[in-house]
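What follows is a pair of complexes built around chain A, which joins chain B in one and chain C in the other.
Moving on to the complex of A and B:
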């Protein structure tokens, strides 16, 4: 029993979790608006977009990679869904209309294709992930501009708006989406062979290859999933704003990386968890929300967020028993 | 008679590494104007001794007296910055300055040029190093050493990647330097080079000085005799195993240089292994032993040619994945870099290669995993606090057993083992030997690469040797003699 308690506290997710609880308690005392149902759901809804992206980012970072293109993929997928459901597609004089579900599918497919492109760059062409996804960040943003002509696509269907602003069983829809994704991938990473391989590849790619693991295939899969999850985030953003903005998602990659890092996942790969990332994203969410409630200037908010990221990494480095 | 000035004298040098005594009371002297050849098998202590006399390693017992202005060492892997010019490399960190404190490029290139000229070389000191051939780069390294006023020059297998002509040039430079009073220490495996260059020969074995003798008073045969005869770990061969049918058959295997030089790293290699048999592959460092195992195991898709048959059928070695699926296993040379995921625990490492067999409906059954991992921990005698202990915390011997357990779980028919006992203590070694014997008795075909003659002779039923990526000799157990095996592994010329 004692051992069980000790091993629970040795888990890397415990420190960020403690920080999260501390922040929540402190905020409750500092502002009477914080611990209201309205505000809590507000925070959760804001965080849900970052959560979707961060889950994909966690898997990428666990393999020892990085994905800078998530924000741009989000924008293009959102634009594709909005554009197709609103305007349809004219191919060689033939007009194809898209239903709500058709639009969703097209957006997810867009994310998958762009993510797979990242994966191919990394595996087949040996482009370092930072550079490969930096390229895609620009490519996808450019494609978004081309597709939208630089203007927002507005006026979406009711079904679409429900996805962003609706409630189901007393919980906002985006929160449901994020929750399902988190539960699925937390299970996937812990319980399936592929999940284990993702950890193994990040821990030691060569040993994984020499154990007969199809390393390239798994890495390709991980970048593809990151693309799909960015597309999901793109749908949420578009649905919430009732429009697809050409510059949507700019800078979101940084929030996602911050959530992953604060959550205790090692940037060199092999170590970390989806649970940690969820806590990390919530910390960022509460920080954003709390600083607004406390009337801290937006400029100071950025400075404070930066120090939180640095602090989290430093605490993790110095208290972890596995320094190398 | 040239002067017999002693430039450097090391006495009673002792150096301990965790688990081994790398040097045990070695004396070594370098005379001005002499070429000292140092010979010995891999692991005899040559590199350690060189690191000590060159001042790289300062933590040792014994005394070291240096009467030379400088001691420089030229490593086998050259230490040049490829995108910098020859002159910049020679004066790296010691660049001549103008009065304004800027780098005096003109003076640097002039001085570099005159040093190169003194070596009889026509290399342009302004050309970038990456545009030079390896032999020329070696000359640049020598020029760098001379620019530091080095009177003792240590060269570690300098000809290993040189053409015949470049070797001739290098020999000329070495003889010339010696005649001007530089003391040369020359490490080599090539007996022909010893006869061509050396004044003195020093032979090390198991960290001990076996012989130090003027070349005139010895012979190549005697040198080889001194190199062999290492202590065996005490394990004796199982002997009574009876091999079954042929499992793995390799014919005319060639491997293009994975680095892309276009040359063949391996060529014309052939052997076969039967069930219940242990085949040994012996060769010196760089002979291509590791590459041979990796080529069979699917690490170099598209670069391997020749025939590889598994139970008479062509082996698909287009990826490590397919190799594993067909029943191959590879225990790599560096278990930390290539064998284990150090941050994962014993259970996760042990089940990594056979993980799919622990899954039902796509979900890994941790209970079954724990049972199996526990069973193999018991069977192989892996000492650990629990299955949750991380691989990085285990001793070398236990780490190796974890890698072995990982492969046993895939139930392979061929196990390729690359230096299976490197860096592990004597008891663990004997346990590994016993396990190999056991596995052979179960009918597995084993291929063991080792650079330790006593080990390979004790463990294996047959031995083939590699030299410079080409087949050397082939020996049956009754013909095992250290000298003949070593001879068949030493490079020709």
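Moving on to the complex of A and C:
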């Protein structure tokens, strides 16, 4: 029994979880508006976009990589879904209309293609992930501008609006989407061989290669998944706003990386978990929500957020120093 | 073999790139249009109309995007000054930070014409054609008091806290509204001119302050985000939303009653004036006014039918 408790507290997710609870308790005392059902659902709904991206980011970072292109892929996928369902596609005089599901599929495909492109750059052309995805960040943003002409695409279907603002069994739709993704990938990382290989590659790429893991294939898969998950996030943002903004998602890569790092995942790969990332994203979400609830000056908000990120990482480092 | 294929692919890319070039115009020389950002439809309209009007006047026009970054802007100026442009239609990223760039151009004999945003040094441009943000927000503030009343709670959503237009708008608005003791601002938060951020900030502010009757937003994208949050919270009609810019979707929203009012800035008018002034200057007319303020007009449900397409319809 004692051993069980000790092994629970030794889990890396426990420290960020404790920080999350501490923040939630503090906020409950600071603002009587915080712990209301409405506000909790607000936080969850606002966090769901970052959660989708962060799950993909966690896998990428676990392999020792990074993906800076998620925000731009989000924007392009959202614009593709909105543009195709609204205006269809005209190729060589042939007009193709898109239904809601057609638009969703096209967006996910866009994410997959751009993500796979990242993966190919990293595996085939040996471009460092930071540079490869930095390139894609600019490319995808440019493609978004080209496709939208710099204007938002507005006026989407009811199905889209339901995805963004609807409720199902008393829970907002974006929260359902994020929950399904989290559960699926948490299981995937823990219980499938591919999931374990992702950890192995980040731990020691050469050893993984020598033990017969098809490293290139897994890395390609991970970047593709990150692209698809950014596309899901793009669909959520587009659906919530009832419009696709050409500058959507700018800076989201940093929120995602922050969530992953606060959640205890090592930036050098091999160590961390989806659960930790979920906690990290919730910490950022509660912080964003709490600072506005308390009407903290916008100038101070940035300072405070920066210190919270640093603080979380320092605590994690010091309490698990034997791992570094 | 490998070298050859690399060479061929580079050649292919270069050939493909020529297809991406912006189409030129007449033969009176080249004019550069430098825009602070093309991430926002309003600035896209400003930049593209400036280029369009310059082409109509017989120039070749090339559009540069400074991506809200003064150092990117400086690079554009370096390139422009070394490649024989006749004039620069300029939308500065920053009132102070852009001064050096504009002065460098003027010193090299390339005239600069500012659009929308000001440069804080009078000699750094031939003419500055400016949108009067401050006065526009005074008008908006007066309409705010008229529609919301003298006893109400409201919140404000600022744009970028490091941007001078953000504060010009906020100060114009408050110069009116703060005269009324019954009008209480319960919260003031920023959303970086971003629709999604504004929606999230609005959701949270409504949680913190259940009893608000109005929200003033520093631009239309944020007003649309706030109105989306109000809609989702089932509070439509109970919280009045005020925007600024006159973008198409916001004018449409004023028509539908989702926004209480916005203020129309006239990007096309400013772009046309800048292009015409550049043409006059280049034809030898050097005695041009230093500053031309372009009024910002209030758009409310009564007069909304006169507005659209980034200007007046009539």
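Here is the rule we use: the second predicted complex is superposed on the first by the 322 of 324 C-alpha atoms of A that agree within 3 Å, B and C clash if a C-alpha of one lies under 4 Å from a C-alpha of the other, contacts with A are read in each partner's own complex, and residues count from 1 in each chain.
Methods note: contacts are C-beta pairs under 8 Å (C-beta built on N, C-alpha and C of every residue); 3 or more make two chains touch, one makes a residue touch a chain.
Keep in mind it's a predicted model, so treat the numbers as computed, not measured.
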Which superposed partner A:170 touches (first chain B, second chain C, both, neither): neither
Contacts of A:93 with chain B and chain C, given as first, second, both or neither: neither
Winner by number of chain A residues touched, once chain B and chain C are compared: C
Partner chain(s) touched by A:247 [first = chain B, second = chain C, both, neither]: second
First, second, both or neither for A:295, with chain B first and chain C second: second
Which superposed partner A:206 touches (first chain B, second chain C, both, neither): first
Partner chain in contact with A:270 - chain B first, chain C second, else both or neither: first
Which of chain B and chain C A:36 touches, first, second, both or neither: second
Chain A-touching residues of chain B, taken from the complex the two chains share: 297, 299, 319-321, 323-325, 330, 332, 337-344, 348, 352-353, 355-356, 358-359, 362-364, 388, 390, 392, 406, 410
Contact set on chain A toward chain C in their complex: 31, 33, 36, 38-39, 42, 45-46, 145, 149-152, 154, 165, 237, 240-243, 245-248, 250, 288-289, 292-295, 298-299
Complex contact set, residues of chain A against chain B: 7, 191-193, 196-197, 199-200, 203-204, 206-214, 270-271, 322, 324
Touch list for chain C against partner chain A, complex: 38-41, 43-44, 158, 161, 186-190, 194-196, 199-201, 203-205, 207-208, 221, 224-225, 228, 231-232, 249
